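Scrolling down, you'll hit the structures one after another.
Both of the next two complexes hold chain A, though its partner changes from chain B to chain C.
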Partner chain A sequence: MSLQVSDLKVYYRTLAGDVKALDGATFSIADKEIMGLAGESGCGKSTLGNSLIRLDGRMRYVGGSVNLDGNELPVWDNQGMNEFRFRDVSVIPQYAMSAMNPTRKIGTMTAELLESRGEKYREIKPELLRRIDLVGLDRDVLGRYPIELSGGMKQRMVMVISTLLDPSLLIADEITSALDVSTQRAVAETLVSFRDHGFVKSMIVITHDVSILYQTADTILIMYAGKLAEKAPTKTIIEGAMHPYTKMLISSLPEVGVRYANKKLSGIPGSPPSLLRPPVGCRFRARCPLAFDKCVEEPPFVKVARDHMAACWKVTGSDA
Partner chain B sequence: MRRYFGRKLLTYTLTLFIAATIDWLIPRFMPGDPVYGLMSRMGNNSSPEAAKALSDYYYNLFGLNQPIWQQYLNFWGGLLHGDLGRSVFEHGQPVTDAIMAAVPYTLALLIPAILLSWWAGNSFGALAARRKWLDNTMLPVGYILTATPYMWLGIVLAFVFGFTLKMFPFANSYGLNLEPSFTWLFFTDLVAHWMLPFLSLFLVMFGGWAIGMRNMIIYELDADYSRYLEALGAPQRLVRKYAFRNAMLPQITGLALQLGVIVAGSLVTEIVFSYQGVGLLLFNAIKSEDYFLLQGIFLFVIVGVLAANFLVDIAYVIVDPRTRVGMRGGTA
Partner chain C sequence: MLSLNRVSKYYKVGTFGGKELAAVRDVSFDVDAGEVVSLIGESGSGKTTIGKMVLKLIDISRGSITCDGQDVTGLHGGAVKSYYRHVQGVFQDPFSSYNPIFKADRVLTMIRSEYFSDMARSEWNDKVDAALRAVTLDPGQVLNKYPHQLSGGQLQRLLVARALLLDLKILVADEIISMLDASTRIDVLNLLAELKGRGMGILFITHDLSLGNYISEKTVILRHGVIAEMGATDKVFGNPTHPYTKALISSVPQLHKKWADVDAEILARGGADTGTCLFHQAYPPTAPVTGKGAVKQDSSDLPPTLVKVEDDHYVGCFDLGAATCQVA
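Presenting the complex of A and B:
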């Protein structure tokens, strides 16, 4: 068992009160598993991803625990997490295009980052060059400034840097959103190859676009309004989703393999609830065509079949 | 790179030409006749014929009896030979000499004030960006300082430290009872007289740099590359180092933009403290309607500011790789 997250709660402090962006997440990821994390924008995917590596200033740890390879991650302690970052948990951020210091040569920045973490750049450099070859970049990118690279090149470089210390868990947040379709495919394939080469043990691939996960992810976790809705192997999510939200999300997409055309046409009617004062009971209730009396209580996220978890009274039975 | 500097050089040359022409025009549109002014200052006890002869002599000496276009050509001709004409106020002394006598004093004020305030302001601003209590005290003080006109701060300093506390003299560049010489006594006297005008320049600029730096650092610490480093567990030392270096870049551009203002500030400050630099010379030139001196001083200031700007441009290209890449044309 590589990653084990239990009842993790992370809120945003605002003047109006706490935004309950991640309100009790319990799930696990196995060794070698690439887990897709999907859901509409604003449902808390990035909050979950960030809380596993670094809480930014406005995020507040409320409760829960994260266990990676048998070690408890002190996610509430910014200093304490430093030791785990990069080596055990790493991230390819949403802003990969601007993640490198614009005024430093890429090689210099990489060297300074590694040395600051007590690693020897000289020892790591051969492997760094090998991986630069692997992602199809020129070795002389190390002597260049980020501005000299195209967006796709920068992204590949950040992918190489982030995984250089062979982290156990890699979080990739919306890394395909800013790219054109052919580049998206290449990036997705690179992610899988990183896992296959053993550069990373397991991975969380965050996206608001489920279709990108079809070729990439082994499993998919669907979130809705700060809560987990369903987790199952990719094939099951596509063909046999049980949660009404997942079903609507999947059917709102065009057929598997056909992206683009009219994608946005058939969305799910209505909009997600405010996370400042989320409704009691099932948070999907206001938009759920199957909602019934029981749904005023909160449905637990439980096993509904082998390797299949869901949080819905219709699935688990109202007397569960 | 060569093309970039070629273009810059062309811009600067053109600016200089236009500025010099305007500079030549302005005093000629000023009301009043400089020779008449000069002669009335010299006393009026000679006969009308003698006065006529003298004024003809002066008109001739200054070239004011020639047609205006000839005066303009003479201006450029002289300029190219380093001849700025003769001062009416300084009794026909060459303008170049009058300016050169004043320049050391102005530079002695300006250069330390610019460099020290830039250095101290940037260091202080960077420190304030991470110490809450310092930030809370520095920010209002900094804003008050930068918003203060140079002249006003000069007057306040002269009143408090000069007039009331009698810590420093607040008029002239050195004691009038002393002769300039290489003695310890003269040197200390020089420094004492230098102190208050220097301080008033230093303080105003210091506030501006400190605030600019503080805001830039806070901005850079929130930039994506900083967040990425932090997400990968880099120590604060490295994150701050990068943020500081990148925050410095706009401060260098800021220096180029501020130079003109700073020079103007030093001119005003010299007048407040009767400090015998270029500013005071300018003041006297205006009072006595001294065309050539006025022209020469403006020209000198223009050339100085342009040259300093050019230097800052070069420095910026050296420190910011992005400008270099832009010149080469990125490979992306």
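Presenting the complex of A and C:
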């Protein structure tokens, strides 16, 4: 068991009160597992990703624990996390295209970054060059400024830098969203190859695009309004989802080959609840066609089949 | 109805605008009534530029755009206003399309003061109600609200309703659903399909092939400002001929088919095309057309002519051997 998160709660502080963006997440990721994390905007998926590496000023740790390879991560302690960042937990941020220092050459920036972690740039450089070759970049990118690279090239460079110290857990936050289809594919495949080469042990890929996850992830975790809805192997989520939200989400996705004239898709009526004062019980209740009396109680996120977790009374049975 | 005839757009770049960059080159296609035409391209392919030219937000450098036989390129003053009565656009970001200081329904009121200033209030209210119902919005839920009180999908539909108040013939929808969530985007897409049933022509600009495939009758694939392939959607997607189209379609992430399987299929069909375009090899899209460092171009350097490969399916590629095909 590589990563074990239990009952993690992270709220946002606002003048109107706490926004319960991540309200009790319990899940685990195995070694060599690429877990996709999907959901609508504002469902807390980026909050979950960020809370595993760095809580920013607005975020408040409320409770829960994170265990990586047997070590407790002090996610509430910004200073204490420094020891783990980059070395054990690393991130490819959402806007990786603008993640690099524009005033430094890429090589210089990487050297400074490594030295800040007490590593010698000269010792790591051969490995760095090898990985630059691997992602299909020119070795002389190290002598260039970020502005000289295209979006896809910068993205790949950031991926190389983020994984340079072979972290145990890599968090990739919406890294393919701003890219063109052809670059998107290249970046997604590079991500999988990093896992296959053992540069990272396990990975969380955060995206709103489920079809990208179908291509890359081993398992998919679906979130809704700050809660976990369902986690299962990729194939199960796409073809045999149990949670009504997952089912509706998957069936609303247009694919190449699906035409309006032949098969009219439909969306999910309504919109997600406000997380400032979320409703009690199941948070999908108001939009769910299957909702019944029991749904005013909160459904537990439990095992419903082998490698398959879900939080829904209709799935677990109301007496569970 | 709307017809683009060899439209080109050159932007001036460099110091004192000494160089020209071709954003769109020699693009011709039609949008007919009751038809959705999707304009698909990657970033920098000029798809938004074409949309802006149709909406007369920027001038065109060469060629002409006609609407119902009337040349719109030279319209001025009042003529532009009556053109906008028939042609409207909706853009990508619903939140920046509204002024956050005013209520969202101000976009509707502005239409009234511009076009229907002599209409009675009750008649106008009925008109607004009908337009809102057409986009499946509940008037009570969206009127008298500020933009931040509404969801992205609601705002986007309100903009479509605004366009419907006019006697609309052509709607330019520029990436209107890319900022919406998966659960609501399909509703806006279905709405467009319903509008086409009312005889409206829609120019659907997108980078997402699966969305274009879902909704449109006709597809235009654009690459670096040049049409690579166009025709009936089922023909372009079912029998992609240009190497670029093939490459694009094979890299779309699909829900039930992995990339490896797609590649295997292509290999089984006789191997993949290299995807290099002779035209773009000779004239890199980033090279300026005039000025220092320009690639010299004369009349023989035009992009490949669109060649008819089958009924309602045209491909622009030198590799096709124009001699064997009937030139469009």
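Everything that follows uses one rule, which is that the second predicted complex is superposed on the first by the 308 of 320 C-alpha atoms of A that agree within 3 Å, B and C clash if a C-alpha of one lies under 4 Å from a C-alpha of the other, contacts with A are read in each partner's own complex, and residues count from 1 in each chain.
Definition applied: a residue touches a chain if its C-beta (ideal position, glycine included) is under 8 Å from a C-beta of that chain, and two chains touch if they have at least 3 such contacts.
All values reported here derive from a predicted model rather than from experimental measurement.
Undergrad: Tell me which partner A:190 touches in the superposition: chain B (first), chain C (second), both or neither.
TA: neither
Undergrad: Look at A:51 in the shared chain and tell me whether it touches chain B only, chain C only, both, or neither; answer first, second, both or neither.
TA: Neither partner.
Undergrad: Quick one: classify A:236 as touching chain B (first), chain C (second), both or neither.
TA: neither
Undergrad: Quick check for you: in the superposed arrangement, does A:180 touch first (chain B), second (chain C), both or neither?
TA: After superposing on A, A:180 lies in contact with chain C but is clear of chain B.
Undergrad: One more residue to check, A:316. First (chain B), second (chain C), both or neither?
TA: neither
Undergrad: Could you say whether A:208 touches chain B, chain C, both of them, or neither, answering first, second, both or neither?
TA: second
Undergrad: Looking at the overlay, does A:90 come into contact with chain B only (first), chain C only (second), both, or neither?
TA: In the superposed model, A:90 contacts chain B only, not chain C.
Undergrad: Residues of chain A that sit at the chain B interface in one complex and at the chain C interface in the other, please.
TA: none
Undergrad: Which bits of chain B are touching chain A when the two form their complex?
TA: 223-225, 227-235, 237-238, 242, 245-246, 249, 320-322, 325, 330-332
Undergrad: Applying the document's contact rule, which stretches of chain A touch chain B when the two form their complex?
TA: Its residues touching chain B are 53-54, 56, 81-87, 90-91, 93, 95, 98-105, 112-113, 116-117, 144-145, 147-150, 153, 158, 161-162.
Undergrad: What residues on chain C touch chain A, complex-wise?
TA: 42-43, 151, 153, 181-187, 189-190, 193, 207, 209-211, 213-215, 233-234, 237, 247-249, 251-256, 258-259
Undergrad: With touch defined as at the start, can you tell me which chain A residues reach chain C in the complex?
TA: 40-41, 180-182, 184-185, 188-189, 208-212, 214-215, 238-239, 248-250, 252-260, 264-268, 271
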